[in-house]
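Report on the structure given below.
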Amino acid sequence: MTDPSTLVVSAHAGDFVWRAGGAIALAAARGERVTIVCLSYGERGESAKAWREGKSLDEIKRLRRGEAERAAAALGAGIVFLDAGDYPLRETPELTDELVRVFRETRPSVVLTHPLEDPYNGDHPAAARMALQARVLAQAIGYPAEGEPLGAPPVFFFEPHQPEMCGFVPQVLLDITEVFDTKRKAMECLPAQRHLWDYYTDLAVRRGVQLKRNAGPNLGLPHTTYGEAYMRPYPQVTGVLA
Amino acid sequence: MTDPSTLVVSAHAGDFVWRAGGAIALAAARGERVTIVCLSYGERGESAKAWREGKSLDEIKRLRRGEAERAAAALGAGIVFLDAGDYPLRETPELTDELVRVFRETRPSVVLTHPLEDPYNGDHPAAARMALQARVLAQAIGYPAEGEPLGAPPVFFFEPHQPEMCGFVPQVLLDITEVFDTKRKAMECLPAQRHLWDYYTDLAVRRGVQLKRNAGPNLGLPHTTYGEAYMRPYPQVTGVLA
Amino acid sequence: MTDPSTLVVSAHAGDFVWRAGGAIALAAARGERVTIVCLSYGERGESAKAWREGKSLDEIKRLRRGEAERAAAALGAGIVFLDAGDYPLRETPELTDELVRVFRETRPSVVLTHPLEDPYNGDHPAAARMALQARVLAQAIGYPAEGEPLGAPPVFFFEPHQPEMCGFVPQVLLDITEVFDTKRKAMECLPAQRHLWDYYTDLAVRRGVQLKRNAGPNLGLPHTTYGEAYMRPYPQVTGVLA
Amino acid sequence: MTDPSTLVVSAHAGDFVWRAGGAIALAAARGERVTIVCLSYGERGESAKAWREGKSLDEIKRLRRGEAERAAAALGAGIVFLDAGDYPLRETPELTDELVRVFRETRPSVVLTHPLEDPYNGDHPAAARMALQARVLAQAIGYPAEGEPLGAPPVFFFEPHQPEMCGFVPQVLLDITEVFDTKRKAMECLPAQRHLWDYYTDLAVRRGVQLKRNAGPNLGLPHTTYGEAYMRPYPQVTGVLA
Amino acid sequence: MTDPSTLVVSAHAGDFVWRAGGAIALAAARGERVTIVCLSYGERGESAKAWREGKSLDEIKRLRRGEAERAAAALGAGIVFLDAGDYPLRETPELTDELVRVFRETRPSVVLTHPLEDPYNGDHPAAARMALQARVLAQAIGYPAEGEPLGAPPVFFFEPHQPEMCGFVPQVLLDITEVFDTKRKAMECLPAQRHLWDYYTDLAVRRGVQLKRNAGPNLGLPHTTYGEAYMRPYPQVTGVLA
Amino acid sequence: MTDPSTLVVSAHAGDFVWRAGGAIALAAARGERVTIVCLSYGERGESAKAWREGKSLDEIKRLRRGEAERAAAALGAGIVFLDAGDYPLRETPELTDELVRVFRETRPSVVLTHPLEDPYNGDHPAAARMALQARVLAQAIGYPAEGEPLGAPPVFFFEPHQPEMCGFVPQVLLDITEVFDTKRKAMECLPAQRHLWDYYTDLAVRRGVQLKRNAGPNLGLPHTTYGEAYMRPYPQVTGVLA
């Protein structure tokens, strides 16, 4: 039996806050270890404001790194930066190998990453493909990386910005009501994307409405329930249907 | 809070044994109420042996009913027969209304039924469509049937005989190891389909192999694990990703 | 050349406001004729508040009819009620035939209706199937109904409440900014569903954000753009790619 | 407001004629700028006749280039050759970067390219993937290439040779009747593929028949209408449903 | 071992000629029995010319029946008319039961019918659904109709008028070159649809081009090869991969 | 006319036995040439037992090579090893070029390979993509490799370990009853995977049950029929529907 451990693979600094901040905060609140891997800082593709202000590439990377560190701390998670570059994030054997090493080290019991389709941002599917491949490679005893081979942790894809255009169908609705304040605080660590604070608060309300609509008869849910939506690329394993 | 209650909507007598016997036995073993509704006896479409022996329609219905009662008892479940006829099972407002009444009465917290596609047997999707419609109607306070409006219980589609031809993808793998002996005994209550006893035992082993392959690192599973596969037409609602 | 005419086929009184109020108001603002057909009042399935207040079926129908008439008037559209009953809305040849007559009479150049999938409400797909069939039948010179055979008007499916669960992908983003105030006023004609006023205002903002993100470089759009999303079951016919 | 500009990304010299000649001629006839980018000459994979005649690689490239230049001129468009090689056309960061520069330079308001699936020719999807990625990269202010960041121009996939095998569904039917003679003349600039002149004339007639069948009641179309079919990977943005 | 027998289930008189005339003529040329069942005459939906000429319903039915009889004779097939009405063709238990009886009587080794989707003509999918259901019912010994229960004959869906809009993917390309003259003669038995003679000749050429492109290296095919395309809803059973 | 020749492209040593042993044995039994290409030995990803025993990489490769040679010999096929490495198998232009040369040399009339999806093992889709691309390149006279350009041999995807998770739908059921003993002997050449011997025997029985259920009425099949399932990415070309 290993301890619970959540690994979040995020293409850019920031993605993990909007899309999975609730799940991260919930796991941290249960006292579990959470590790966020940012493959890039989102320095080219998701920092328009800083570029318009005339900042340099290095300044922007430092800026985004600082914001992401503060947000991770607010959520209660550790964070690692691989600085692999964005727009485009290149899918290479070397970067995948680095991820295998992270898997072997963090030994996740749960993995969160982007879904495999996103016509608006190719970095997201590239990150997801590498995360999924690294997870499989880390399971093979013959793969030449430190540490024991992994079990097969469940994977959850978090919600993209335009879900319907990415083939995203909510298969899991996670109740994040009790940690929503924490998620909001983490969002507020990202001042350059202030317009997204309310956008993702509204999304949490809407997913909460759907959560209540799909909840069985036995749940006594509060008037305002906040939710996050996920997909599963692998089957759920369980001892009870519910 | 209502008590846990499982409702199984089965097109023919027998379907519930092969496809959901493990889930039923697990719920019963937890001391929960399980109700099986057989829309027909499978008297025309799934009783070839009896017809070849020259039995009459009434004899066949009696025979199938008896077998199904014994199988349900072995699993620890109650059983109701609506005798709506098979091959074809006709989708009518009256039969759907009968199902609404069953929903209002049994107040299920979990619903099991057939998937919506089956090119080999049109009765299965017809049963599923009526079960799903009845579940929605039972939720409306304005629907004129006895009892309180229902919450929205989760639904699980059980595995059809030729899963790949029915668009069936295992989304939930249920560990039925601890009740597999009970399921086998229930199968043995159906002597006319003796050739299926081993067929569905093999299937349980195969789904068990997949269950182990998809289980997270923390599960200590026995060498032989038995499984059943299900699909979810509605999102899972949960407080924890696992 | 016939005059522009929009026909909206709505399962229940109310659907047309939340889902297509902007498109209706835009057409009316252009001075075009818009006809809304409500197949039912939504008296059983979408009037929970009234039932809880102990109102009778007839009172509820009158109530919903009045609200829908006021909302249609606010949008600038005509409205017709077929009173076919809801929960379930039954798909019958007779009701389809009534719709054929409406098509022949209103001679629509644009048709709006529900999408073909909705696992939360079977009345919506039933309405859509009848609307689509009636549109095809109305095109046949041999179909025995008054009036000339129809051309083949384009069809737009409006957005369901849980789009991702209904296979709904926004294929058309309609800019409704200039009539959004009118749509909001029409929503406010439906006091029993007050909780949806803000919900659908938020949705309009979100679809507006996506509209701006997908707009070509030549559009000068305001800071807050409101949008509605639609799908097309038939190809767009055009003289220019844009 | 920028001027209208159409960018066509074609895997091989020739593709743009058969598949998008009508759209190109229409834009040119409206006085708009059209730029065709041929990633390769189709020298290995689509020049069987020349190889059988014993021509050298260089001769074949010159030959195909000359034909494509004449066809582009006939249609009224500019043409650029990147000479990246075919069979296979290799997807590289460098070639994608070249395309970003073309996007920043031509500032397209409309983009045409191949669809993303083609089991008969892997160069077509490779071209499409690079075109789509370059379009996204060109929108980022942080991407290090000359010129201003782009808006988000609509994209149209043109029709592949075996549409049903490529998941191609006509979502837009473009009326090219008024420029069909021009398209035919451009086709006749490609003598090595003489067998395709009638093949693609027949296709234009067939798409024209479908165009008439899907046109609304208000179009007065000529007996013979010529059409081209397109798909949209992104939603249409519009101010009016039609 | 029963004798080869082909059963064609056609919604309207005429469908079988355009879509499956080659397959029918090939089977007849091999000396096999072919039976065409026309569920309706296409009297309302596919007889626009006759209605415009002012003919009565009875005259039109007689006319269409005569044409279809001549076309069937030209192809070498028997034909049966069930006169169930069209536009809409209603799906009823009684009509399905009539089809079961046809299946039990003709004992088909091959079944041809429409595909299950057609947004332009609801009669086609309705015919297909009834044909498929009747085929399954006819296999059950318990179904109360004359004759022995059927084996499970393979089913082929023939090509609809707008294949891409009907989810039609050619899975089988049938070489009809040797009987194409016969098919053309059968088409010429339908003078009211003269515009389709060349349309379906062009289609046969195009499917022939694709047939050659997909044929293995060992086929020596003539310059002009004519083809018909089909889909299979059930797996092919074979003793050799080819 | 070339002689029949089957080419099997397998990611790892061993895959061809479990998944296509029956098809290989049938072709060999007909006196046809069969060539198996193993892109890797499966030394890292599919040799867990050997790694746990402390064997070295070279030992493991030798071991797997020996087993695969014996299994190929048992089936009557030739075998070639490209030793490209596994976990991950890297998709490179050089490896694809090697495959083109194999295609030109073996001149296959039938090609067998993995399907294009497998969330449990990325090497399988990588092998399939390279096999499909090489098959297309080998058809081009302009491709610079020895030998004549190829025709277009049909391709069959063999069954993956978890078919439903790989989008695998059995489109062809191959009767391997007469060579099943040979397939079992070939499986027994792979002692490290002893647990799969019965697993794949059970699968053959199950596919045989489905084969009988889908066979037309004219097949007189034995009580125990063994089968293998395949998919076709390209249409079947035939002179007779059956």
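Points worth noting:
As written, the chains take the letters A, B, C, D, E and F, and residue 1 is the first residue of each chain.
Everything that follows uses one rule, which is that a contact is a pair of C-beta atoms (placed from the backbone, for glycine too) under 8 Å apart; a residue touches a chain by one contact, two chains touch by 3 or more.
By chain, UniProt protein names: A, B, C, D, E, F = 4-oxalomesaconate hydratase.
Worth saying up front: this structure is predicted, and the values here are computed from it rather than measured.
Common neighbours of chain A and chain B under the contact definition above: C, F. The fewest steps needed to get from chain D to chain E, moving only between touching chains, is 1.
Seen from the C-alpha centroid of chain D, the farthest chain centroid is that of B.
By residue number, over half of the contacts seen at A-B repeat in one listed pair from B-F, D-E or E-F, namely E-F.
Chain centres here are Cα averages; for chain B and chain D they lie 53 Å apart.
Inter-chain centre distance (chain A to chain F, centres taken as mean C-alpha positions): 38 Å. The set of chain A residues touching two or more other chains comprises 120, 165, 170, 210, 213, 234-235. The chain pairs satisfying the stated touch condition come to A-B, A-C, A-D, A-F, B-C, B-E, B-F, C-D, C-E, D-E, D-F, E-F.
Against chain B, in their complex, chain C makes its touches with residues 43-45, 47-48, 51-52, 57, 60, 87-88, 90, 119-122, 165. Considering their complex, residues 1-2, 4, 6, 23, 26-27, 30, 107, 109-110, 112, 150-154, 156, 170-175, 210-211, 213-220, 229-230, 232, 234-242 of chain A touch chain B. Only residues 120, 162-165, 168-170, 199, 202, 206, 209-210, 213 of chain A touch chain C when the two sit together in their complex. Listing the residues of chain C that touch chain E in their complex gives 93, 96, 132-133, 136-137, 140-144, 233-235.
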